[in-house]
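Have a look at the structure below, then the notes.
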Amino acid sequence: MPTMLEVSGLTHQYGQGERAHVAVRDLAFTIESGQLACIVGPSGCGKSTLLRCISGLIPATGGSVRLHGDEVSGVPGDLAVVFQDYSRSLFPWLTVAKNVEFPLRWQKVSKAERSQRAAEVLESVGLSGVGKKYPWQLSGGMQQRVSIARALVSRPALLLMDEPFASVDAQTRGELEDLTRRVQRDLGSTILLVTHDIDESVYLADRVLVLSKSPASIVADLTIDLPAERNQITTRESERFVSLRGEVARLLQSPQVQRPGEPDPATAESGPGTTTVETGDTAGTADTAEAAARS
Amino acid sequence: MPTMLEVSGLTHQYGQGERAHVAVRDLAFTIESGQLACIVGPSGCGKSTLLRCISGLIPATGGSVRLHGDEVSGVPGDLAVVFQDYSRSLFPWLTVAKNVEFPLRWQKVSKAERSQRAAEVLESVGLSGVGKKYPWQLSGGMQQRVSIARALVSRPALLLMDEPFASVDAQTRGELEDLTRRVQRDLGSTILLVTHDIDESVYLADRVLVLSKSPASIVADLTIDLPAERNQITTRESERFVSLRGEVARLLQSPQVQRPGEPDPATAESGPGTTTVETGDTAGTADTAEAAARS
Amino acid sequence: SVSGCGLLGGSEDEDSGNAQVEKSKINVSVQGTIDLSAFYLAREQGYFADEGLKVNPIKVDSADIGFNKLNAGEVDVIYSGYTGFFSHQAAGDMDLKLIADASSAAPKSNAIMVPKNSPLEEPKDLEGKTVGVTPPDTLADILTKAWAEANDVDLDKVDWQPGGFSTSQKGLGKGIDAAFFPDPFIAMNQQQMGAESRWDPMTGPLENLPMAGYGATADFAKENPKTVAAFQRAMAKASDEAETADRTKVIDPILVEHIGLPEDLAPMTTLLTFESSLDPERIQRVPDLMVDRGALDKKIDVEDMIVPPDTGEDDSAK
Amino acid sequence: MLKFAKGLTGLLGFFLLWEITVQAGVLPDYWVPPASEVTTTFVSLLGDAEFLRGVVATLLAWLIALGVAIGIGVPAGLVLGSVPALQSAARALIEFLRPIPAVALIPLVMVTIGSGPDAKITLAVYAAVWPILFNTIYAFGEIDPVLLDSARATGANRRQSLTWVALPHAAPFIFTGIRVAASIALIAVISVEYVAASEIGLGRYILEGGMNNGHLDQVMAGTVLAGLAGWAINSALVGSGRRLFRWADTEERAAR
Amino acid sequence: MSATTLAGKRTRILGSAVVTWLVFAAALLLWELIAIGADSVYFPRMTAILGTAVDLLLSGPAWRLMLSDAVFEIVLPSLATALGAWAASAVLGIALGTALGRSDWAMDYCGTLISFLRSVPPVTLMPAFMVIFGIGVEMEIAAIVFSTLWPIVLNTVDGVRSVDEVKIDTARSLGTPRRYWIGMIVLPAAMPKIFAGLRLSLSIAILLMVVAEIVSGSGIGLQLSTTQSTVQYTEMWVWVLLLGVLGYALNSALLAVERLVLGWQPTRGDDA
């Protein structure tokens, strides 16, 4: 598969001088086209910052992000973002339907098709019939689903989702997870999804990137070798699932960077784990290790 | 234990005329002083509305809410709310520390004590050292924890929390859950907590209220008979925990109101469940059943 | 441009002249002073029309605005106190010509007024008091100070309040102890507040001082000699008539109708002397006085500024 | 309708106060004619065709001026609000020019563009553009960055985010700016007519009344008409604003 | 956070100061060139204006920083009047705006009156002001307050009314007592909009100062009317440009205050 996204040496620092805060330091990873990668990491470690840098909303203070091999500067087309702050990301002066149609405005899509696609995607997130309401007339979970619908409507090639299911109930969450995988399969979208739910990350992902405490660096890069077709009940009950989620949980709790060559306690313990370490940039990894040691 | 909160026949309708939307219909339950009750229910069913009515932020369109036996009109003192929209509920013109100190301003608390208490409570939510920053300089999960800290700092007798841990990572979440139970025990606070996480509701609660789809009515009122001292690992592994969470999950999936006398398929299956049905208001329950049938 | 729009009130198209004059329709900037009654008399009696002129008065609040309009070409002729003409001539922003005389000071036509029951007796009493005039180096300011100096008042000891007539009027008795007024302000102040005319400043060196006249730009005068002459003839006729006319029958109705004075007030005013001569020697007193008082820094020769009246049938005699 | 009645009550209260102060001799009636006298003059003026033509001229000039001010102020405000570099360059000149009073510029304007409609419109635009420009810039400063990011993330370019996100977000506050500007423009038009003695207009009419202080009832009647016109304009603006910005109407939101 | 705020704070401030002076210098140069071309008494050359300005304003003794008597007798009193009146109007306007914004009842009754009053041209009210307050500084202050009040009131009402619902709910749930409400929630949230009104009315204050001084015959306004009547256009321009300088200085001061007060705004972001 061709490489969709290539992040190398990515560093982002907020502010300057004394008040400077390094949110992300020297991150490096690549995502293949069509992959669904989940990012997990402690609160405040820099996940949202990472997504913002990838989406070009903020320019990284160091390193580079490449999409299809081109350096990202500015927001690339063909991209959609679900923000963590979903309620603030909806336009209060537009109805729900108009909010969802919003990204289609600058595409050559007829008005009729626009509203039809908006209705479809609203239905797929379980929100048929609220199109005429305003966002502030919806509950929190409904607003979050509107923002997911808005991201999906333009059928983006790259989808960045920041804790997209945090405010919906378990059942809807399951449905949305399945929807996400369906979108990945049907549209071939590449998806980067931040989540705090370890089960969710394993269930959804082809790969799980585990980040360290702030400033974020990659602790582990886990390939999820579950079958492509997943099922909320059977997949979650499968032995492989349970072992993988155990692995992610352990990695999150003991955030040690494994150096290539050294025996890795986590993988050694968890048996047939497929923990691989980002080896593309040795210098980067070494740096990251230092950073982790410092923190 | 004395009754802290008594909700009876509570109905709330947004808007009027054609655009009217009944979010909560004819709810009735009571919470004893010092209890921690979790509310679970599908997205958009009316949980946040219920909390807003209880806190007196919006007047219910029907029914009554009594605190310590007094009808609630206006916001009672001794109450704190963690809003679902945490990022919007923080005051952007105040630093984090000042945000947390906010509720202490009108209490007879000296300035020094105020900032000390704020620092303490910030530390207890894992946020020491960010007091001087502004809310928008924090990550989503950190903002959410600030709003929790602000609710805790005034040591409220009644604490209403609307999905308070939705944006924090698994480990922090566990710590915050334990903190919540500690607050309940140490301060004797009564806590009403909305969550989408079934495990969380069972782990945290003394009671779980399961709500139906919109308009919300009570599907079940489950007493959680786990030991008061809970532990993230052992409690969650205990057999009783697993059976209870299975029960809540089933209740959420098949939202049928059980009538007294009739055999309850859910409880019948799950064995020693302690599902009790709100029997205080039979007419109300009948109504709710109808509503459930309609939806 | 938007001025083409009729509703907005843009100026209509200029007409060209007729057999008698180069330009038959002329705009004249006028003020609210009572010596303009000669001008209105000329209009009412059809003296302008007889000369082939259609004269359109444009009322302005102060001569400054009138001069701006003259400069912008919005008016062709301006009525102004003489000091205004000489200030502009000296500044060089316009080359001006005087084309008709209007008035000179008559006894009691101007006054230093004091509020009712004022303790001020002698001009010297003004020292230490607030005296209302117009902005420095403009007419009332020059006149009042010239008069005060002639009466041995130390000008530095007086607190001059240069707000102008309207301001002096409202402040008289409330912060202003005395003020220079022309009519109709004099009559109005007497009638409304019982203020008194204490001194006539237009005495001694200022007696019969020329007060106001009509002017145009040199260019206008050069390009429209017949028009100017026609205006001069009409104004001279009207001024002479006004000077001798029956006050109550002729002048007062004009004051009410055109100057806008209330009916009961019009007869109470004291008229200036209507002048028709445009005599350079007489008028020369004004720029000389201005140079004296430091309002002009160089001498101006009135003779050069005057368009001598063309007295029609006397043409050959001249 | 009830609201209208309440508003009218407030206005009538003011007129009553005015009448009483004058009648009681607190204010001399020869300088401030009593409300009743002004009202009589006012009513008689409404039948005066010449006067009404003046009013129409004034209102038309006002309308054009406000339109031009909006056309300049809003786009300029959006651009200045979103491009800080430009803002600091422009700010110097703007802040320098802004406090220079139109009154001081009247002679120059008269010399360059005369005292006709062009002049009053120019000066009214000059006076009215600032509230719009300022409120636009400030509204822009207040915008939630998450909203802008959301728009950019959907592939909207700078211009598109400006028109579709910044503008609607700022709209209610810009609208307040327009309301402020509307009365400032009216004041400017009338003032120019008054000071520069325009050929026709409400200000011109007031000027004639005030000359020699002869007809202060006429001055006051003209002034009252200016106020009433401003009120009518404002009501129209508020009415359309309520329709336009329903979503921002806090009362609507509070109607739970 | 957003791209608009990315440039470093220091470089931006430095850059903006340089840009500011460059813009000024360019404008002055342009003026000089145009004036040479136009050759009109109405538009004297900038060098002439600046020369006159130095004579008028900067010819005093060294111990007074060269400031001449005119500065102390004309400029400073005028400035004090404008600033004092503006400050009074700010206090009054914010108070009134807050009261009206928080009460539907009050706005119902006063809204009409306010929109009536704020459309009344202050020029035509000058006679009334003169009669009520006499000729002098009180009348000038009254005229300035009357005109600067409305933008502040309107913007405050707007700001007070558009406080985010969630923040209001939060404050209510935290039991914020009435007396703290305005100072701690309403005003901070409305502050950006109030500042827009304050800045706007600051220049209106200078404008009305001139208008009032022309009628009352004092200060800078008198200089303007005198120089106009006596056709001293170079000097008139000195006063006109001085008004610009004063306005610019006052506005810069207000901006500094604003930066302090509104520093919390994310879009102001000296941190992002």
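Order of writing sets the chain letters: A, B, C, D and E. Residues in each chain are counted from 1.
Note that in this section a contact is a pair of C-beta atoms (placed from the backbone, for glycine too) under 8 Å apart; a residue touches a chain by one contact, two chains touch by 3 or more.
Quick caveat: nothing in here was measured; it's all calculated off a predicted structure.
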Graph separation of chain A and chain D (steps between touching chains): 1
Chain pair that, of all pairs, has the most C-beta pairs in contact: D-E
CA centroid of chain C to CA centroid of chain D, Å: 37
Centre-of-Cα separation between chain D and chain B, whole angstrom: 51
Interchain centroid distance [CA atoms averaged], chain A/chain C, Å: 85
Separation of mean Cα positions, chain E and chain C [Å, integer]: 39
Junction residues of chain A, two or more chains touched: 14-15, 57, 85, 88, 136
Junction residues of chain E - those touching two or more other chains: 1-2, 42, 127, 130-131, 165, 228, 265-266, 271
Shared-contact residues (touching 2 or more other chains) in chain D: 28, 31, 107, 111, 144-145, 149, 194-195, 210, 213, 248, 253
Chain C residues touching chain E - in the complex, by the definition given at the top: 62-64, 84, 87-88, 90-93, 134-138, 161-164, 166-167, 170-171, 174-176, 295
Complex interface listing, chain E residues touching chain C: 40-42, 127, 130-131, 134-136, 215-218, 222, 225-226, 228-233
In the complex with chain C, residue positions of chain D that touch it: 28, 30-31, 53-54, 56-57, 60-61, 64, 106-107, 110-112, 114-118, 121, 194-201, 207-215
Residue numbers on chain E that touch chain B, as the complex places them: 1, 164, 166-167, 169-170, 172-177, 180, 184-185, 188-189, 191, 264-266, 271
Complex interface listing, chain E residues touching chain D: 1-2, 4-5, 7, 12, 15-16, 19-21, 23-24, 27, 42-43, 104, 108-113, 115-125, 127-128, 130-132, 150-151, 154-155, 158, 161-163, 165, 192-193, 195-196, 199-200, 202-204, 206-207, 210-211, 214, 224, 228, 236, 239-241, 243-248, 250-252, 262, 265-268
